[in-house]
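Across the two complexes that follow, chain A remains constant while its partner is chain B and subsequently chain C.
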Partner chain A sequence: MAILVLGSFSAFSQRKMKGGDAATAGMVRIPAGIYHPFLKANNKTVSVKIHSFYLDAHAVTNAEFLDFVKANPQWTRSKVSRLFADENYLKQWAGDFNIGNDRVLNSPVTNVSWFAAESYAKWMGKRLPTMEEWEYAANSAPVNAPKGEKLSTMILGWYSRPTPAVLPPVESTFKNGFGVYDMHGLIWEWVYDFNSIITGGDSRSAGALDKQFYCAAGSLNAVNKEDYASFMRFAFRESLKANYTVANLGFRCATDVDQK
Partner chain B sequence: MKVTNQVKALNVLLFSMFFAGVLLLQGCFSTPASDNDSGKNLGRLAGEYTATLTSAPEVPPSKPWLKKPEKVIVNIEVIEKTMKLANGTDYTYWTFNGTAPGPFIRVQEGDEVEVHLSNDPFNKMPHNIDFHAATGPGGGAEASLTAPGHTSVFSFRALRPGLFIYHCAAAPVGMHIANGMYGLILVEPRGGLKPVNKEFYIVQSEFYTKGANGDTGLQEFDLDKAIKEQPEYVVFDGSVGALTGNNAMHARVGDKVRLFVGNAGPNLTSSFHVIGEIFDNVYQEGGSIVNHDVQTTLIPAGGATIVEFTCKVPGTYTIVDHSIFRAFNQGAIAQIVVSGDENPNIYSGKTKDTLYYPDNSKNIEVPGKISQR
Partner chain C sequence: MKNRIFKILPALMLSVILFSCSKNDLHENKGNADAEKETVVQKESIAQNSLYQVSGEWTNQNGKKINLDQLAGKVQVTAMIFTHCGYACPKMVDNMKAIEEKLPNNLKNKVDFLLISFDARNDTSARLKQYASQKQLDNNWTLLHGSAEQIRMMSMLLQIQYSPLQGGGFTHSNAITILDQHGDISGRIEGLDINVGQVVDAIKEAVAKS
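Now for the complex of A and B:
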């Protein structure tokens, strides 16, 4: 897959970087820290050191993605290869270069495949966040969280409400402690290594032999069995392939912090 | 990512090798309890049809004329939607085919059940399906994990007859069941069950809402209550009142009634009872042992039972979980209205009402029969 991806990008126009500030406009610097994955490895809680990185303050919007498609017409609905995006790719748009509904210009773009998200990130001179980075950045409570309410409880509340007919705009839910918006409660988001967790599709297997290290949702391996919100994110990622597109699935980009 | 893909592929490979080995062993030493167990003697499929699916409390008709195993196609769509849980109280259900419980599926022993599981594009969650009637890893759960906007297909042989639960097993399982993702599949013995006059489909389940029982508006799932096994609602067929009043089931005096009853849980065991009837037959736990003359039968969470009784006296018969506070405080009530002629030889109704004095010296009779109804 990596070879395919590289091959498909060679023809892209790359945006010129205009120096540090412009490159990270609209991004938030996430400080370095320790992330404890939701899953144990070899029956031990894991600590992962996360280096400081920049993360988009909000998910990529329909309007932003339209710019990308205009600059890279091979990513239009009519031209995209089925290898890189399934039939529902950008289904909510009226046409190749026409979103068709002004109300969603500033809403997150959804129905985009991993390949499309990855290409967009490259075009912007960025990359997709890794799962560890994403989870680390997402594990910060909203700045205006009701006192005493757990983050996972708030997330479950989101799933208890039906999908709105029109997806709300970005920055319409909450800002978390890092200053990042909508990590929960608006859409699911692609991460670079979305398929690095293997559960076998059945959430109850406790991780047989060869699966032990990878088994995600096998509840015996969970650090916190009450963290249902994490179970759901891992189950969701497990159900995806890189060319899948889903009506509630979008993405945001990340970049490294220059180590000068 | 390349590495992990390889690991994934390796997993699949190892797994299929293991599975093939198991099949091989069974093939060699084939002395199973049933001829069908090895899958060898199942015979060729005689034909193919798409299953008729019904919503509770309806049950699809049997097909006793099908003497050989068929391929039965079962189309199920997962829909997440807000529906009424009780008067004034809504809940966002996750459903098979838009109802909780999901559709009733009726096949015969030896049939190949081909499941097409579609996940509505606007759903938020991935879903799958675990058939307790299936023999294979996860009961199909592994094979059927489906992202929103996709369809998964897998098939299994219905090796054993009985009444079985199916449910979603995507992480976190408890929440998927608590939100309404369950139903029943009946695997009839070849030729079908003995015909009766009425068949009904009932599934008991619990709902764990953030608000207390009776709180109005859209209620969210409450994880803490689910873990503590303290539901706000215990219901038959997905909501309070789904089988009472105008929604009650109906039968006539003389009818033989068969209830297919599942208990989806997710937590509680049901003490299933029909007030004013004694079960002629109880297929214990939905299996092959038939017990007679039973008042109350246990149904484990993730289990089912078939009960049969004969309507002899007209009236309204109330079905309860006889863990009785669940019935009268949390909603676990259903009704069968039996119409027809009275039968005073079996049940008189009230024949007398007298004043009562504890010293027993001055009983005064109130004249005239007072009918109960």
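Now for the complex of A and C:
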């Protein structure tokens, strides 16, 4: 009981500290709107209403993540449970509390698992964006995009370039129409419900199982078959497990608007 | 003689009460020393890879609040389902019942069955109780109701994909996860077309680890 009380007290003071206007500092308010998921349901294009929410203007950086690890040593490289992160967790860092390369302090933190990202977000009094929120916020062209160039073409250009050995800093690619930086072209990002993509076996009918083992089967359900960039994101997400860490996979946080 | 019994009796009663608090130890007729040793091992394990280090209160089919670590002490044959599911979940539960029937007698009291619902809204503990009786699930089964957030976390831990459908229901992947008595994942069997004998072998392996 005492532990419980202590636990909720520290959670409370955490929120107090970061509370008020400071809580949404560095975040962008994304207006409400309609999102059309990339994958159809029952062969119909779906419309999903997105409520207004706050999204971090840039991905969480190495320096920001170090603060979290210092405050929560169970998330250091040497202590983290294999249940929550695989053996490559934070492998680009020099040590438990040492990033080791000043050039990447302001670069996105990568090699972090979903569990680590989710725990960071909670610690900040935030949450991970849902896949729908992320896709909705990402479907906005750069503010200074060349005229007539499609966003999907630009994204494919970014995807076709290999990830540099040293990741550039955040806010180094582009700002989109919502005022959010680097949604494409810097790293991939975790979303809260990344494991909600099932292009494989559908649980509701036995017959659907076989054909759906083909990876191309998913394309039959796509809204826009030319949107290869979305294919890549959805296929990538489907390949992940929550304790995986990947060298170019990071995250950013979101919060609800009505909490503020 | 009488005196001695009176001296021992309170101690015996106390130990019965203590053991009753954690149902884990009820089936093990172990001395105090052994029980203590086991607790230590369990704690070390919880600090490493056990699912039971994830805190949070769930509600079982009897309306009782429980934390996951209260499931420790027995192997848990675990799956995620929802009770309004038409095809996959009944099949999953039938598979698990077939596994239960095939368990050798010496394992029966070392293995429990755990169903965690995807459906935070409809699968209340009352509904889970009704489902358990419909499906004739005995006392070795625990059915858990949790919040949407707890359920998402559980799906990540058990590596289950799922998505709520517009208009109710869920689409989800199917897998049985075998948790050893400390809550570590000991085995995982994907799909609905399972070989019951192989699963029983995997359960034996999990019991042997204990």
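One rule holds in what follows: the second predicted complex is superposed on the first by the 222 of 260 C-alpha atoms of A that agree within 3 Å, B and C clash if a C-alpha of one lies under 4 Å from a C-alpha of the other, contacts with A are read in each partner's own complex, and residues count from 1 in each chain.
Basically, a contact is a pair of C-beta atoms (placed from the backbone, for glycine too) under 8 Å apart; a residue touches a chain by one contact, two chains touch by 3 or more.
Computed from a prediction, not measured in an experiment: that's the story for all the values here.
By the touch criterion defined above, A:S196 reaches both chain B and chain C.
Of the two partners chain B and chain C, it is B that touches the larger number of chain A residues. Once the two complexes are overlaid on the shared chain, A:I50 sits clear of chain B and of chain C alike. By the touch criterion stated above, A:G157 is placed in contact with chain B alone, chain C being left untouched. By the touch criterion defined above, A:S239 lies against chain B but remains apart from chain C after alignment on the C-alpha atoms of chain A. In the superposed model, A:A145 lies in contact with neither chain B nor chain C. In the superposition on chain A, contact is made by A:F231 with chain B only, not with chain C. In the superposed pair of complexes, A:V257 makes contact with neither chain B nor chain C.
After overlaying the two complexes on the shared chain, residue contacts for A:L83 are found with chain C alone; chain B is out of touch.
With both structures placed on the common chain, the touch criterion links A:F115 to chain C but leaves chain B unconnected. On chain A, the surface patch touched by chain B in one complex and by chain C in the other comprises residues 192-193, 195-196, 198, 200-205, 238. Interface of chain A with chain C (complex): residues 41, 46, 81-83, 114-115, 118, 192-193, 195-198, 200-206, 238, 241-242.
Interface residues of chain B facing chain A in the complex, by the touch rule stated above, are 1-2, 4-5, 7-8, 10-11, 14, 80-82, 91-92, 121-126, 128, 130, 137-138, 141-150, 169-173, 175, 218-221, 223, 227. Here chain C touches chain A in the complex through residues 47-51, 53, 85-89, 152-153, 155-157, 159-166, 169-174, 185, 191-192, going by the rule given at the top. Against chain B, the residues of chain A that register as touching in their complex are 1-2, 88, 91, 152-153, 156-157, 159-163, 188, 192-193, 195-196, 198-205, 210-211, 214, 216-217, 219, 226, 228, 231-232, 234-236, 238-240, 244-249.
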